[in-house]
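First chain A sits with chain B, and in the next complex the same chain sits with chain C.
On to the complex of A and B.
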C-alpha cells in the first residue's frame, strides 16, 4: 500500500510541471485556477499564425533528420570497425565513452571560430555536422555492442558465398540489430532536437533558428505571455515524446544497457 | 573526432593564452587571462556556484533515485514499464521547454509556487529576483531533470542482484534498512558512481537551463561557470576569456572524473 503512495507522489512530481505547462497552454490567458473551467486553442492558433514559428519548426526538423541521416551510417560503420577489426590503438576505444562526458561547451568557442574560418558560420549544415560529431562517440559505442551480439560466423558464411563486407553487414547483421538501430536513431533525434547550445553558438540569423532558440527568443519578446510560450513548448515536446513512447522499451534497453557495458 | 574534438581542445588552450584587441590583433599574453580570472571576485563566485549547483542537484537526486528504483524493481511492481516511462519524462523534455514551464511556475504574479510560498509564509516573493530562491529554483529544476537518469542506472543494478541474497539475509533476521545498507547499496555502488559521474558532467556544463531561467541573475547570484563561459563568448564576444573559462571547466571535469573513477576502483 505505502508503495503506491510513494509511486503516486513521484509520478506527480514528474508529471506536475508538464501538466501545468499543458494547462497554461489550453486555458484562457487570465485563468489562474489549477483546473480551468474553459478550454481554448487561442494560444496554439496564435503561435501557428506566426510565420517565424513555422520557420523554426522547419529548421528543427531539417537539422534533426539531417543529423540522423548523417550520424547513423557513420556510427554503423564505426561500430562495425570497432566490433570486427583489429587495429592498433583499439584498446583506447573506451575513450568513446569518456568523450561524451567532457564539457563540450568548453571546446565550443574554438570550434566556432574554426567553423567560421571554414565559412560554415550561420549555416544549418554546420549545425548538422556539429550535432553529428558530438553524438557519434556514444552511438558508435552502442552499435558496436549490438554488432558484437551478432555472431561473426553468420557474416563469414556470407563472405564465403561471395558477398562483400558491406553487403554482409547490410544484409545479414543490420536486420538482426534493428532494436539497436532504433535506439540509436531515437537517441540522436532527441538529443539533436532538444539541443540549444550548439545552435546558439553557430546560428545568429533569426530565420535559421531552431525551436529551442526560438522559444528563448519568444521569452525575450513576449515577456510573460505564458499561454503562447507553453503552447510552443508543448509543440516542441511532441516529436521526441512520440518517438519515446513508440520505442520506449528499445530506447531504454539500448541507451542504458549499452552505457553500463 | 580528431578534427572536432582534439583540434578545438588545443586551439582552445592556445586561445586562452592570447588576447585580442578591438582592431583584431592577436597577441600572446601567457597566463594573463588566468591570472585575471582568479583575481576576480565574480569568477570565484562562479566557481563556488558551480559547486553548489552540482552538489545541490546530487544531494536531492540520489535519495529520490534510490527510493524510486527500489520501488520499480520490487517484486510486486515488476512488469510496470508504464511507471518507468512516466518517471523518464523529465529526462526527454527539452531543457529549454522545461525552463519555460518552471518560469511560469515561479511567475511573480500568479505562478503556483509563488502562491504556495505566499500561503505558507504570508509573503509573496518574486522568486527569480531573490538570489537564494533563484538558486533553489535552478537546483530544483536540474534535480527534476536528472533524477530519472540515476534511477534507471540504479534499477539496472538492482535487477542484477540475485534474490537469494535478500532471502538469506531475511532468514538471518535482517531489517529492511540492513538489507539496503549491506546488500543493495554495496552492490549498486558502481552504478551509483557511474550515474553520478554522468550527471555531474552534465550539471557542470549546463548553461542553457540556467541561462533560460535566470540569465545568471539576479546580479551574478546564479551565474555558474558554464553560464559565464556562454555569456563571455557568445554575448560579449570575448572569445579569449571564454576559452580560458573553458579550459578551467575542462580541468574541473577531469578532476571530477578521476575522483569518481577512484571511487569505483576502491573496494
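On to the complex of A and C.
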C-alpha cells in the first residue's frame, strides 16, 4: 500500500509541472485560477500562426537528426574499438565517463573562438559538430557495453568465413545490439533537441535559431507571455516524448546495457 | 600575349570597381523575436522600418539583424569580445555598464556625441537614463515605474481617487484602508499595496533601493568599491518593507515567491491588489486591454484613466530606479562610423516617437505632443525625471542577487534585520570589495 502511495507522490511530483504547463497553455491570458474559468486554444493558434516557429522547429529537427547521423556511427566505431581491441592507454577509457562532468560553460569562450576561426559561427553545422562532440563520451561508453555483450566468437566465425572487420560488425554484431543503438539514438536526439547553451553561444542569425531559443524568447524584458511559453513548451516536448514512448523498452534496456530477450 | 594582358587588365579593373562599390554590411543585434508575442512583433516591425529607411538613405550600407536573448545581450557582447567575434550595433543594458567599462567591449561614443548640436544633446540629457547610458550607449526610451491603483476601490473605501499619497505615512495609511476581506472569511482578499521580493533583480531595483535611497543610503560606495546596504538607511528600508507584510499586513506574504510580472501585473489585473508598486511603463498596454484605461495605449490626447490610474512613488526626489534599453557599438566592430550613422538615423524624433518598447519617449521634445500632455502621462514624466540608475559596479549582478537573498531571509525566516543585512554585506564585500 505504502509503495503505491510513494509511487503516486513521486508521479505527481514529476507530472505537476507538466500538468500546470498544460493548464496555462489552455487558459486565457492573466487567468491565475487553479482550474481555468474557460478553455482557449488562442496560445496554440498564436504560435502556429507564426512562420518563425516552424522555422525553429525545422532547424531543431535538422540539428538533432544531423547530430544523430554523425554521432551514432562514430560512437559505434569508438565503442567497438574499446570493446574489441587492445591498445596502449585503454585502461584509462573510464575517463570517457568523467568528460561529461566538465562544466560546459567553462570551455564556452575558447570553443566559440575556435569554431569562429573554422568559419562555423552562425551555421547549423556548428551545432551539429558541438553536439556530436559532447554526446560522444557517453554514447561511446554505452555502445562499448553492448558490443561486449555480443560474443566475440560469432564475429570471429564471420572473419573466418571471409568477412572484413567492418562487415562483421555491421552484419553480425549490429543486428544483435539494436536496443543499444536505439538507446544511443534517443539519448543523442533528446539531449541535442533540448540544448540551449550551444545555440545561444553560436547562433545569432534569426533564420537559424532553434526551438529552445524560440521558447526562451517568451520570457521577455516586459514580463513573460506564459500562455505562449507553455504552448510552445508542450509542442516542443512532443517529438522527444513520442520517440521515448515508441522505444521506451529498448531505451531503458539500452541505458542499463541489457540485451532484450 | 597582348590579348591575354588586355583581358587580365580588364578583369583587374572589374575587380577594383566591384571592390570600390562594395556594400558595407552592419549587423544590428536585438532581442525581438517575432514568434514570441505581439510586443516583440511590434518592435521588430519598427526595427524593420528603421532598416528599410536607413538603407534607402544610405545605399552603400546594408543592415543585417542578429538575435540575442534580452538578458544575454550584455554577456554575449562580453563573451564574443573575448572570443574575437565582432558585432556592430548592439542593444545593451546600463546595469552592466560597470562590467563593460572594465572589459572595454563597447565603444566609447564620446567622439561621436561631441559632434551633436546643443539642442539634440539637451533633448536627451533631461532624463537620468542619459547619465546611466553615456558614453557606452544611447538610450532609446525610458523604463520607469509608478504605483498603479484602482480608482473605484479608492472611492469604495472613502478615499478621493484624485488625491494620492504624498509621503510614506500616507502610503501606509491608504494601503491599510484599501486592504479588504471582501467575503468576511477572515482572510484578506484584496491587499492594499502589492510589492515583489522574489529572487530577481526587480527586488533590489524596484523595491529595496528606492527606500534605501529615500532614507539617504547607498547600495555601494564608489570610492571604496564596497557594498554599503547594511547601513542605518538599509535597516530602515528593510524594516519598512517588513512592516508592510507583517505589521500593517497590507502586502501579501506571497510577494516573496513567483515572478515580478506574476506578483505585480497579474495580481493587479486579477483584482488581488488595490495598489501595486513598481508598475512598469511597459505595462500600460495591459491596462488598456483590460478596459481600465481608455485611449492611453497607444497614447491619444483624449486618453483617460477610468478604473486604474498611476502616481509616482512618494519617496524622496531621485529615489526611484529608472532605466532604458540603450544602443551601443561593439568594440570589435569593423564599421563603427557606419554603425553610428545607423544609430543616429534610429534616434530621429519621428522614428523614436513610434518606438513601442519602452512606452515613454526619451527625447524631451516628444513630450510636447498633445498625447503626452494627458494627466496620466504627465505622472509618468514625473516618475521618469525622478529616477536614478543602479551603481556602476562590475559586480552589479552579484550585488542584486545578494540583496534579494538577504531580503528573502529577512522576510521568510523573520531573521533579525541589522545582523542579516550585515552578514550578506560582509559576504559580498569579502568577495568583491575593491574590485
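The rule is short, and it goes like this: the second predicted complex is superposed on the first by the 245 of 261 C-alpha atoms of A that agree within 3 Å, B and C clash if a C-alpha of one lies under 4 Å from a C-alpha of the other, contacts with A are read in each partner's own complex, and residues count from 1 in each chain.
By definition in this document, a contact is a pair of C-beta atoms (placed from the backbone, for glycine too) under 8 Å apart; a residue touches a chain by one contact, two chains touch by 3 or more.
If you're wondering where the values come from, they're calculated on a predicted model, not measured in any experiment.
Chemist: Have a look at chain B and chain C on chain A after the superposition and call it: clash or fit.
Modeler: With chain A aligned, chain B runs into chain C, so clash.
Chemist: Report for A:133: first if it touches chain B alone, second if chain C alone, otherwise both or neither.
Modeler: Touch status of A:133: first partner only.
Chemist: If we overlay the two complexes on their shared chain A, which of chain B and chain C does A:178 touch? Say first, second, both or neither.
Modeler: Neither partner.
Chemist: Touching A:246 in the superposition: chain B (first), chain C (second), both, neither?
Modeler: neither
Chemist: Just to be sure I read the superposition right, which of the two partners does A:108 touch: chain B = first, chain C = second, or both, or neither?
Modeler: Both chain B and chain C are touched by A:108.
Chemist: If we overlay the two complexes on their shared chain A, which of chain B and chain C does A:221 touch? Say first, second, both or neither.
Modeler: So A:221 only meets chain C here.
Chemist: More chain A residues touched by chain B or by chain C?
Modeler: Between chain B and chain C, the winner on chain A residue contacts is B.
Chemist: With the two complexes superposed on chain A, say which partner A:201 touches: chain B (first), chain C (second), both, or neither.
Modeler: Touch partners of A:201: chain B and chain C.
Chemist: With both complexes superposed on chain A, which partner does A:166 reach: first (chain B), second (chain C), both or neither?
Modeler: A:166: touches no partner chain.
Chemist: Could you look at A:53 and tell me whether it touches chain B, chain C, both or neither (first, second, both, neither)?
Modeler: second
Chemist: Which partner does A:230 contact after superposing on A: first (chain B), second (chain C), both, neither?
Modeler: Only chain B; A:230 stays clear of chain C.
Chemist: Hey, which part of chain C ends up inside chain B in the overlay, 75-83, 273-281 or 345-353?
Modeler: 75-83
Chemist: Enumerate the residues of chain A that count as touching chain B in its complex and touching chain C in the other.
Modeler: Common interface on chain A, chain B vs chain C: 32, 108-110, 112-113, 200-201, 216, 224, 232.
Chemist: Can you list the residues on chain A that touch chain C in the complex?
Modeler: Chain A residues touching chain C: 30, 32, 46-47, 50, 52-53, 56, 108-110, 112-113, 116-117, 121, 200-201, 204-206, 209, 213-214, 216-218, 220-225, 228, 232.
Chemist: Touching chain A in the complex: which residues of chain B?
Modeler: Going through chain B, the ones touching chain A are 1, 4-5, 7-9, 11-12, 15, 64, 67-68, 71, 74, 76-77, 81, 83-90, 92-98, 100-105, 107, 109-110, 112, 144, 148, 152-153, 156, 191, 194, 197-198, 201, 204-205, 207-208, 212, 226, 229-230, 233-234, 239, 242-243, 245-247, 249-250, 253, 257.
Chemist: Once bound in the complex, which stretches of chain A touch chain B?
Modeler: So the residues of chain A in touch with chain B come to 3, 6-7, 10-11, 13-15, 17-18, 20-21, 24, 32, 34, 98-99, 101-114, 130, 133-134, 136-137, 190, 193-194, 196-197, 200-201, 211-212, 215-216, 219, 224, 226, 229-230, 232-234, 236-237, 240-241, 244-245, 248-249, 252, 256-257, 259-260.
Chemist: Could you pull out which chain C residues touch chain A in their complex?
Modeler: The contact residues of chain C facing chain A are 27, 29, 31, 33-37, 39-40, 65-72, 76, 79-80, 82-85, 87, 259-262, 265-267, 269-270, 280, 282-283, 286, 290, 325.
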